[in-house]
């Protein structure tokens, strides 16, 4: 199915009990656009991670401030923007999580952004300390259907 | 479950293939707030009718103009606003549908607003010809749980 | 794919349309097409079985309103069967039971056609 | 109601936690509580059975990270079983298979505990 150019916009209170509604909403749009179930799962999880960060970090848990989610469909491309007006952060200070090191430090977390980057085709983080944050994620429709390069070679 | 004060906002292209997403979204919020399945069905249908009108009448089918849906939860009350910037109409000219007359006139339609008014506790239509329309619908959380007056009397 | 389907079945001279999924402004044109096909083939005795329909809006009800006159003018009828309470309520709210015969079971609707 | 549930079962000295539904930032505190109960009761041999879990986010994975050190310091372990491919992918992406033993079946995890 060819995706039409289309924009969906959702504003929803920054509370963990809304994560399920957000995931279902995003999944339904992705399914309608024609993504396979595997890609739908990835998109759902990436959006969950971005929204969980807004709830936990931007607004310090269960505030009534809104999470702003925009989904744009342009032909073969799904673009998702997750925007908050929370405290922001410096994304250049993030490092790839090292689980062994985490264990040693008894640290929990730091996995969300790493997951987003692995699940989506493009991830951009645009943070303004004190003003808020925007995560921009893109998934291409045709990539999921093509076999991965290795599989194509070995067959 | 006590409903918290909460606001949800959805902006979605004015196309019939989005009605299912809209219904699911509204149903999920109504379920979370604590409405019973019967009331959830009524709310879903009332919102579908309001949005179908936006798609068909305000924007003349399948435009990319957005339908704007706001859901506000205040303790025992769910308020839904369905807003468009389409052509508007004069709601005082509406009459209660008479199916026999319809048949005679071979007319189809005019059922949507009548349904909304029967399904919800309050319905207000605010139309500005040439500028757009807003339907405001309210459903109270506790009403659904109490038996209707007749049933209470006869038992 | 669209969440709606019409299955067609024939019993003697009666056509039975089995509706599945949800019937709203998006899927109503599919039902319209199925009914137009009946009319084009001069099949005027029609039963709509709602057993597998999970949702209906006024856009769906409008389709029946749009065809009933023509069907009856040709000596036929549109009879409904197997509505769950959720679907029935919508018909009931709009006064459809005064205009259409609604049967608990497809067989009852069929018998009514055959007994004429 | 919340779409998540932890069922607790005991087999000799091994606690088996059966997860059901979705495990995200909203439901992770429920899992945390169930694991804290084990620790409080000095139950350090724990199997997490994922058979009925349909979704997990990093908030869920973080819970295991938060308990594993303490459990191992007491000579216990946290072993995983019955992950469907969707759940396994999340663990795999984050390198969890290097840190935790993952078994196809609950019985295999149980045997591993008992063979020690």
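Letters are used for the chains, namely A, B, C and D, taken in the order the chains are written, and counting of residues starts over at 1 for each.
Assume a residue touches a chain if its C-beta (ideal position, glycine included) is under 8 Å from a C-beta of that chain, and two chains touch if they have at least 3 such contacts.
None of these values were measured; they are calculated from a predicted model.
By the document's definition of touch, common neighbours of subunit A and subunit C comprise B.
Of all chains, the one whose mean C-alpha position sits at the greatest distance from that of subunit A is C. With each centre defined as the average position of its C-alpha atoms, the distance from subunit B to subunit D rounds to 44 Å.
Remark: subunit C and subunit D have CA centroids separated by 52 Å (rounded to whole angstrom).
Per-chain Cα centroids separate subunit A from subunit B by 31 Å. Averaged Cα coordinates give subunit B a centre that lies 25 Å from the centre of subunit C. Across the assembly, subunit A contributes 17, 20 as residues in contact with two or more other chains. None of the residues of subunit C touches two or more other chains.
Interfaces, counted as pairs of touching chains, are A-B, A-D, B-C. Per the touch definition, subunit D reaches subunit A in the complex via residues 2-3, 22, 24-26, 55, 57-59, 61-63, 65-66, 68-69, 86, 90, 93-96, 98-99. Remark: subunit A residues 5-13, 17, 20-21, 24-25, 28-29, 32, 64, 66 touch subunit B in the complex.
Of all residues in subunit A, those touching subunit D in their complex are 16-17, 19-20, 23, 41, 44-45, 48-49, 52, 55-56, 97, 99-100, 102-103, 106-109, 111-112, 114-115, 118-119.
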